[in-house]
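Both of the next two complexes hold chain A, though its partner changes from chain B to chain C.
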Partner chain A sequence: MFSPAINNLIHNIKTHENLQALNEDLSEIILKLSGKLGDGAEVVVKKKSQKFGELLVKYLREEAGNGGVRSSLKAGEVLNSLKKELEKMSTLDLSVAVTPSESFIKAVFAWAQRNLGDGVVVNFKKNPLIVGGAIISYKGQYADFSVAKKLKQEFKQKS
Partner chain B sequence: MNFLPSETLFNIAILVFLVVLILAFAGLLIAVYGFLSKWLRLLQQQDISGSDRIKQDAYNEAARILDDARAKSMGIVSDATHRAQTSISTIEKLSSESKSLLNTELEELAKAQAGALKTSSMQLLESYKTALTKQQEESIENLEEASEEVEKELLQEVDEFKETLKEETVDIHSKVEAKVLAEYAKVEQELDSYKARRIKEIDETIYDILQDVSKRVLGEALSMEDHQKLVLQALEEAKQKNVFSSDK
Partner chain C sequence: MRLDKEKFNEYLEKHGEVGFVEMVAYPIVKVKGLPTAKPSEVILFESGEIGEVTFISPEYVNVLTFSEKPVELGVRASKTETFLEVPVGDSLLGKTIDPLGRSLYKSKPSGIFSEYRPIEILPVGIGGRKKITKTLETGVAVVDLMVPLGKGQRELVIGDRKTGKTNFLLQTVLTQSKKGTVCIYAMIGKRKTDILSVEKFLKENGIRDKTVVVASSSIDSAGVIHLTPYSAMTLAEYFKDQGRDVLIILDDLSTHAKFYREISLLSKNFPGRNSYPGDIFYTHARLIERAGNFKFAGGGSDGDGNDKEVSITCLPVAETVEGDISGYIQTNLMSMTDGHIYFDKDLFTEGRRPAVNFFLSVTRVGRQTQTPVRSGLNRELNSFLTLHNKTQTFIHFGAELSEGAKTTLAMGERILSFFNQSAERTLDMNLQIMLFCLIWIGTWNKVSVEQTQKEVGRIILGYEKNERVKKLFQDYISEAKDFNGMLGRVSADSGKILEVLSDELSTKLVTPEAGKK
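What follows is the complex of A and B.
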């Protein structure tokens, strides 16, 4: 579905929050690069995206070689294509009871990649009322597997 | 009618007989006079062409005879009248005596009749009193009977009215009782329904509380690893229930 370079990039984009941040950085970088002629794209990319700068430079190099890293025009074109590709990514919405830790995020993201394939990000929403488990929403499908619901069902059966 | 003496009756009978005789005689004379008058007129008609003298003489003679006869008859009538007057006077005298006697007899008779009448009146009065008393007693008795009858009827009517009233009261009582029972059953049903609803609400509240407590206890008891495990379990369940099937 995605090119190996994009796959390398998006393996590091685990959450919807990351994806949004990346998109925002890309927009700024593309805007910056569009009015600039000549070399120095790498500098602009690293300067505009401290979080994803290294990843993007690596991506530019993998996708367009050294020219892609130097030429502002070329870098702009590649990053525009990347931006469009990123729009194809799907989101797995998960309501969870706590703010997930990094290891939590990694474990869930790994599960998502393993079971849903590449090009998916996890959108964590904190909702302490669900106690535990998750309320899942994916491509229009919805399922509540929260502990709160299970407790409710248990008490409902008893009442 | 034997209050007149027998002699008086005899005298009256004679007097009546004499008057009748005189009247008969007078009638005879008048008949003769009529006959002769007719005869003379006949003669005048038959012998009018005869000797006028003879006829006139005969006529005159006849007239004279008639006049004599008339005079005699008048005398006889006068005499008879006189005699009759005498008889009448006698009779009046007799009548006066008879009247006196009659009065005496009448007074006696009146006295006797008055006595009898008094006796009859007394008897009648006594009978009347007796009858009146009897009637009064009967009236009182009838009145008492009527009163008793009226009282009996009134009491019967009162009893019937009481009975009717009682029946109606019982009927109304039954209806009211049935209505009250129906209302009671309805209220009881509503109460049961309300009770069940309230119990259910209370149960739900209890379970809500328990649920909240459980949530709180569980929420606090679960570690990050537990949460992670639960989320991964949820994802597996979702996968088993084909929540992601559209993507697969």
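What follows is the complex of A and C.
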């Protein structure tokens, strides 16, 4: 679905939150690069995106061979097409009762990649009312595996 | 529709699908997700609002919402696997409801209903229909005599604003309600004051409990306004299925088309002529097609051994601008109805009430319902008024008038003054025929037009209260084989008739002149 260069990049974008932040950084970088002549694109990228700067520079280099993309004009075009590609990414919504830990995020992301393929980010939502378990929705499909639901069913059966 | 906020999670779990509001162009909402949503399926939002699917793509669905306020971004949506339904029942008679069946006034709830019906259904096919054979009286002389209507007919009422269309419609409702027809008045995107004035008319004339007003006001969501005529038609079908004749008024479909255009443009559908969507004809045609004369689904037969029939007579309204009846929506509606009654602004300014231009009006099935007397009268009147019109055009040249032309003009003036009818009064068909015959034979030729009007007014007032006068008129009409026969008898007995009327009505009427026409 995605080029190897993009795949390398999005392996590091695990959550919906990260994807949104990357999109915001990309918009800012593209704006800064537009109409700018000459080299120095990598400097701009690193300066404008502290979180994803290194990743984006790596992406630009992979896209344009080992020489890298120094021209601002060309870099702007490459990043613009990257932004459009990122719009194709799908989101796995996951409501959980607690704030997810880093290892939990990694585990869920790895599971999502294995089962749903590349180009998936996980959107974690904290909802203490579900008590435990998770409510999952992906591409319009919905499933409630929460403890709250189980408890409700139990109480219903008992009464 | 019994859908509320509390049931959201239930639907979500039942159908296992969720959508998220991605874009709002009120009343249209773009929902991402809901992969198996169907066209026209009802969608329930987490915040309690409901909507109807209008467009489907693999990624998202467009939903037409019916809430007063826009749905917020990010709100979850669920499928319901149901289609839009409205409550129906006899308890709605006398009520004013919105297109979703809720009472327009919180103080007067519409009640609890056991039956709900879908707003959109497939119209009954040709096998379930019957030829239109019964007359529909409007109580307005110019229409009943010149542009007769039949029960089950779809007749467009067209004209500029403020030309008396609503008055005519209310007169028709009054006449039909008194005859036992259930009347449904759909007010589409009207002002609150207009809704109140219709309710006031119905109340003052004692027919409120025989009518249902389905109203949406101009401040309602375009989605709700769009539903109004469909909802009213569903209600009409309920009463039809109970074996009752129904009169439905759709006031007005040109406004409806404008709101549909708004919805369509917001949905980013490709605009066509005058920016209306390509399916605007279908939008109205599938609605109008639901009216007609039908075989009664409950079976049974009439007195002659034929299948029992029930009708939905539909009077859709279209507004014109500066008398332009060749507009897109107007011509669409003309082509899908069985004729039209044209209210002419020029005639209105001339003082004609109702300002019906019978030369530009058409009735395609009404004439087949007429008795031989009415049919003959209609023919005679039509040819005379055409002659009168030509003579009027002729005098514009300043030519010296022959005696014949003078007689034509004088008679024409009397007939047109007879057609002038106040908005509060409706005339019984027998009364219309008898009064016309009396004028036609020259009963009041020796007196002024104003005096004639007064005489006619006295007879009308007396007729309404006197059963013997009603019987007298009924006898003359039922015994006549055709119009000429009737005219001959009335002409021979005119003196006697007026004497009887003078006695019965306790008023001195002007006696007929000796000479006959």
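Just so we're on the same page, the second predicted complex is superposed on the first by the 156 of 159 C-alpha atoms of A that agree within 3 Å, B and C clash if a C-alpha of one lies under 4 Å from a C-alpha of the other, contacts with A are read in each partner's own complex, and residues count from 1 in each chain.
Everything that follows uses one rule, which is that contacts are C-beta pairs under 8 Å (C-beta built on N, C-alpha and C of every residue); 3 or more make two chains touch, one makes a residue touch a chain.
In this text the structure is predicted, and so the values were computed from the model without any measurement.
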item: Most chain A residues touched (candidates chain B, chain C); value: B
item: Partner chain(s) touched by A:143 [first = chain B, second = chain C, both, neither]; value: both
item: Which superposed partner A:128 touches (first chain B, second chain C, both, neither); value: first
item: Which superposed partner A:115 touches (first chain B, second chain C, both, neither); value: first
item: Residues of chain A contacting chain B in one complex and chain C in the other; value: 139-143
item: Touching residues (chain side chain A, partner chain C) in the complex; value: 137, 139-144, 149
item: Of all residues in chain A, those that touch chain B in their complex; value: 90, 94, 96-98, 100-101, 103-104, 107-108, 111-112, 115-117, 128-129, 131-134, 136, 138-143, 145-148, 151-152, 155-156, 158-159
item: Chain C residues within the chain A interface of the complex; value: 12-13, 15-19, 32-35
item: Footprint of chain A on chain B - complex, ascending; value: 200, 203-204, 207, 210-211, 214-215, 218-219, 222, 224, 226-228, 230-235, 237-239, 241, 243-244, 246-247
